[in-house]
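Right after this note come the structures.
Each of the next two complexes has chain A plus one more chain, namely chain B in the first and chain C in the second.
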Partner chain A sequence: MAHFTKATSVKDWLNQRLAIEKVEKVMASEYWIPKNINFLWAMGMILVVTFVLLLVSGIFLLMYYIPTVDEAFNSVNYTIMREVNFGWLWRHIHGVAASVVFLIIYIHMFTGIYYGSYKKGREMIWISGMLLFIAFSTEAFSGYMLPWGQMSYWAGMVITNLFAGGSLHADFLVEWIRGDYVPAQAFLGRFFMLHVLLVPIAIMALIGLHFAALRIPHVNNQDGEDVDFDAESKKYLAGDKAGSKVMRFGNDFMSKDMMVVGIFLIFFFYLVFYNYGFAMDPVNFDPADGLKTPTHIYPEWYFLWSYEILRPFNIDLGLVLFGFAQVIFVFLPFLDRSPNAVPANRRGMMFKIWFWLMLCNMIVLTAMGKLPPEGVFTTIGLVAAIVFIAQWLALPIITSMEKKV
Partner chain B sequence: MEENSRRGFMGKAFGAVAAVGAVGSLVAMKRTWDPLPSVKAAGFTTLDMSKYEEGVMVTEKWRGKPIFVLKKTLAIMAEEKDKPEAQARNIKVGDANFMIAIGLCTHLGCIPAFRNDLNDFKCACHGGEFTASGLVQKAPPPRGLDIPPFKINGNKLVLGEVGPEWQTMKDNGVTL
Partner chain C sequence: MKNKEPIILAIVVFFTLVTYFLVEPFAHSQMHKHVESDGFAYADLPASEKKGDAIHGQELVMGAGACVGCHSIEVANVPAVMEPQMAAASYGVNPPDLSNAGAVYDAKFLANLIKNPAHALKVEHKFDADKGQMHPMVPFYGAGGDIDQEVADMVAYLQSIAVKPVEVTPTMAFENACGRCHAVSYENWTPMGTKPSFKDKKDSLAFDIKVLEYEDSLKAYMGKIPPDLSMYIRSRGEHYISTLIENPQNQLEGTAMPRVGVTAESAEKVIEYLKNSGDTKRHEREEIGTNVMIYIVIFAIFAFLWKKQVWRDLH
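Presenting the complex of A and B:
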């Protein structure tokens, strides 16, 4: 039985019951961050802030949105946009944040790949991060269904058809997922549930796991240096703040983190107020019509690279390669056989080329996915898709040959 | 068994109860997502085949899906002449010849558009093309347009009912 004494202050009262000082130390002032980092290390905090923006704007949208096929379109485009005071603000924040969050996720991912932050005990950080990517993708797709416009309907049609497994003709599975022969009320209802309840819960749980995975290996640094966090933090606490290689997370590192977040928010709200159009596909301002496919169907920009891997091949091969592209990033820590956990540019020519080619190729795939599947674009898309697959197959080989630096 | 104590027994007993419950709830969850009876029953579309004009592609609706109906012109018939694959898909009602198919690309289910000048279908999503007979002209679609179950009653055609003509097509692997 714990011993309680008469509290001397509110803080003391709470401290006796919740150990708030201890919690503060564990979470902030004695959570150690290496000093040798740059602004790319602030992407995590930007993602947290963007997730909060999505959550808050989503809560307000949820109050007026009606998840029925007859009313969904108007509840978004008329009620929320025209009638609700500041309804447009919540919608534009939600739409722009849904798009921008993927830009930051990709920067965060490629930062991790570049600095080797998935190696030497940091594998679970990478894996939980990739699970978050999958959860965010599900969240984005299910949310895209909700306005029930033409793009919502046809994206729903195309993506659910993927589950027929090509020549397997698992139409029963597709009909089970839709609850109908085509996307209709049952489909909208269940994707609404996924978007506002199940997937957000999964995302919050995964964010918890992602942060927990950081505690033991700690944050990586710009040189991939193996920092002794125990020794360095002792040095810091003993007063040698300048000599120590680490600093406190709160409020020292946080102040820099929030500085970057501030710059991000200015850019973000510039988009929300003046340039939200990129996140609002004009085709989706036509109500869903099961008897008319829009001229070009393409996903939002963040899915284009994997869509382009599906497109140039026949359905079965396309599906296999698409599935490969979806999951292969998860296995990066195990496919990279090299012991070097240093920036890509210092790991020798082979991996340096691998990294920059992967980055450029994903940009090419993204561009080709947006263009209509005709003429030279089909060829470029095909080559880029093959290069993508080949790079992943080659990764274990070139990293095994890598010399230790 | 090392742990043959009462605690071990209780653990196993709870495991058994939980397993039954888990299986039961999975069944309930799976069945909850099944298409509703009202959805499944919504069913049959009757088309009056005498109202169609040659060479004009008309889109009908059956089970929420678009159905292509094209009364073939002489030009299309001439093109099919030496192609048994195309002829096997032909649907004859009275003296008229029709191409009837589910208007969803067999790749991923977009609706291909009919091109009047070329007498073919093109899918905007992934660039697949079909001939006026419903056969694949350009990948990625893995097979020709699917033919919905139909039954011919004089000048009428009922979609959703299986007639002998459709059964033959299915048995011969012309459609799924």
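Presenting the complex of A and C:
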């Protein structure tokens, strides 16, 4: 049994019971971060801040939202937007943050790919991150159902239809997911539950895992340098702060995190007050009507690239490739056969092209996913989807041919 | 070690803006037909050079023109002939009160409307006299004199009794031009008028039943119940609504919605009414937006200074 002595201070009292000094060292002051990193390493903190904005604004919205098909639309558009003090502000923060969080997630992901931050002991960081991506996608989709507007209803209809598995005609599965033949009360009720309870719990658990996965291998750096954290941290603690290659997370890197967060928040609140339309689709301000299909049905922008992998093919092939696109990023650490954990621009021409083509092609897919599937857009979409699949199939080959740097 | 951050930031911003441009302005320009406003000129309708005489116009409106057989003119003490739901059962929609018609609607449009309603309203695809499909408003065939002079007189009378054009309020413009077909539930507006507050629930339900009867007639007349416009300012936006009002056929070819012929100023008032329904907090949003931006910029400056101070020892 542990030995407890009479506490000399509140801090000492807590220290004996919770080891707060040790925890502070592990989490902040002796959590060593390499110095050669740039502002892209602050995306994690931006995501934490955005998640907190989503959580807090969501709590306020939850106080007035009514999850019934008769009341949902009006509880959002009348009660929250007109009656509740600052209800409009919470809703706009929630809607814009839900969109912006995906922009930051994509920047965060492509940063990881570019600098090879999923290799050499950092595989679990990548995998937990991709699980977070899936959890955030579920959260975004389930939340999109809640205002019960036209796009909520029809996006819900289209996406749940996918579970019929094309020619398999597994309609029973679709009905089981909806709890009805069409999206209706049972559907809204369960997506409400997912959005406010189950998925947020999963996200918080996964954020814990993501942070834990980072603690032992430490963060990567922009030069692909193998930093000796033990030796460099000793140097720092001995007083050679300038000569050491590492710094403390708190408050050394934290101060830079906050600077980047400050700039991000200027951008974020500009969107909230002056340019929120992109995050709140006009079509969804029409109440859900099962007898009136909107002319164009499209998902929010962050799902468009995977939607476009589904769309150009016949339903069965489309579903297979769509499923492939959903999970393939998770396996990146194992598909990349190269031993080099350095930035993409130093890994040879092949991977360099692979990276920039992947980025540009996903933007092309995103654009084509929204445009009506007509004329030249269909062809561009088809080619882009094939390129996407081909790039992933080629990855193990081009990376095994890569020379060691 | 060279500072690569500016170039990295430029790349991130570039790809973000390209994506934004493609999925927002570009995609929407491809998905929606672009309709330009004609400034509510109603250029397809012929203009008349005649100068109207309001006194003679009054005689026509009250007499030979037979306007008050269907229309009420409350400012001239001409009450409605029937209750709204009864009028809708007779004509399809409750004929408008003409008190402020002279201010809300364009004068040239009114003159053309009186002579040939289906043509001015752009509903000839629905009301073709040759096929026996008569518009419920009977054209004015003249009272024996110069028909164009008579029409000009009637318009002059309507303008003389109406409020001044600058006095048209958003509510007045909306209720006159749109409100007899469209409900705006967030403003408590029904096509029969504002729903009063009743003490007795039975009275409230009795009113609701009248609205349902009204809507039945409207549905038979228009093909469907025209949509509730509470959130239209958010679902359609200002430009769409404005060009739709100017000429519904431009945006929705074949629609049963008539061109109502409002002046450009009245159309702006209608938009303002819809903003008062679907975007009530727009002024608060601007005011708070400014304050939040100032606050965040100050926060960012302090964060920057903190970073500079902490990093001074690290280099």
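Everything below uses one rule, namely that the second predicted complex is superposed on the first by the 405 of 405 C-alpha atoms of A that agree within 3 Å, B and C clash if a C-alpha of one lies under 4 Å from a C-alpha of the other, contacts with A are read in each partner's own complex, and residues count from 1 in each chain.
Everything below uses one rule, namely that a residue touches a chain if its C-beta (ideal position, glycine included) is under 8 Å from a C-beta of that chain, and two chains touch if they have at least 3 such contacts.
Since the model is a prediction, treat every value here as computed from it, not as a measurement.
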item: Partner chain(s) touched by A:Gly121 [first = chain B, second = chain C, both, neither]; value: neither
item: Contacts of A:Phe285 with chain B and chain C, given as first, second, both or neither; value: second
item: Partner chain(s) touched by A:Pro339 [first = chain B, second = chain C, both, neither]; value: neither
item: Chain B versus chain C as contact partner of A:Thr378, first or second or both or neither; value: first
item: Partner chain(s) touched by A:Ala242 [first = chain B, second = chain C, both, neither]; value: second
item: Which of chain B and chain C A:Gly208 touches, first, second, both or neither; value: neither
item: Chain C versus chain B, contacts on chain A by residue; value: C
item: Which of chain B and chain C A:His296 touches, first, second, both or neither; value: both
item: Touching partner for A:Phe269 - first (chain B), second (chain C), both, neither; value: second
item: Common ground on chain A, meaning residues reached by chain C in one complex and by chain B in the other; value: 295-296, 372
item: Chain C partner contacts - residues on chain A that touch it in the complex; value: 35-36, 38-40, 77-78, 81-82, 88-89, 92, 103, 107, 222, 241-242, 247, 251-252, 255-256, 258-259, 261-263, 265-266, 269-270, 272-274, 277-278, 280, 282-286, 295-296, 301, 304, 359, 363, 366-367, 370-372, 377
item: Chain A residues within the chain B interface of the complex; value: 154, 157-158, 161-162, 166-167, 169, 175-182, 184, 186, 190, 290-297, 310-316, 318, 372-374, 378
item: In the complex, chain C residues that touch chain A; value: 1, 4-5, 8-9, 12, 15-16, 18-20, 22-24, 26-27, 30-31, 186, 227, 230-232, 234-237, 278, 280-281, 284-286, 288-289, 292-293, 296-297, 299-304, 306-307, 309-311, 313-315
item: Chain B - residues contacting chain A, complex; value: 30, 33-36, 39, 59, 61, 63-66, 106-113, 123-127, 139-142, 176
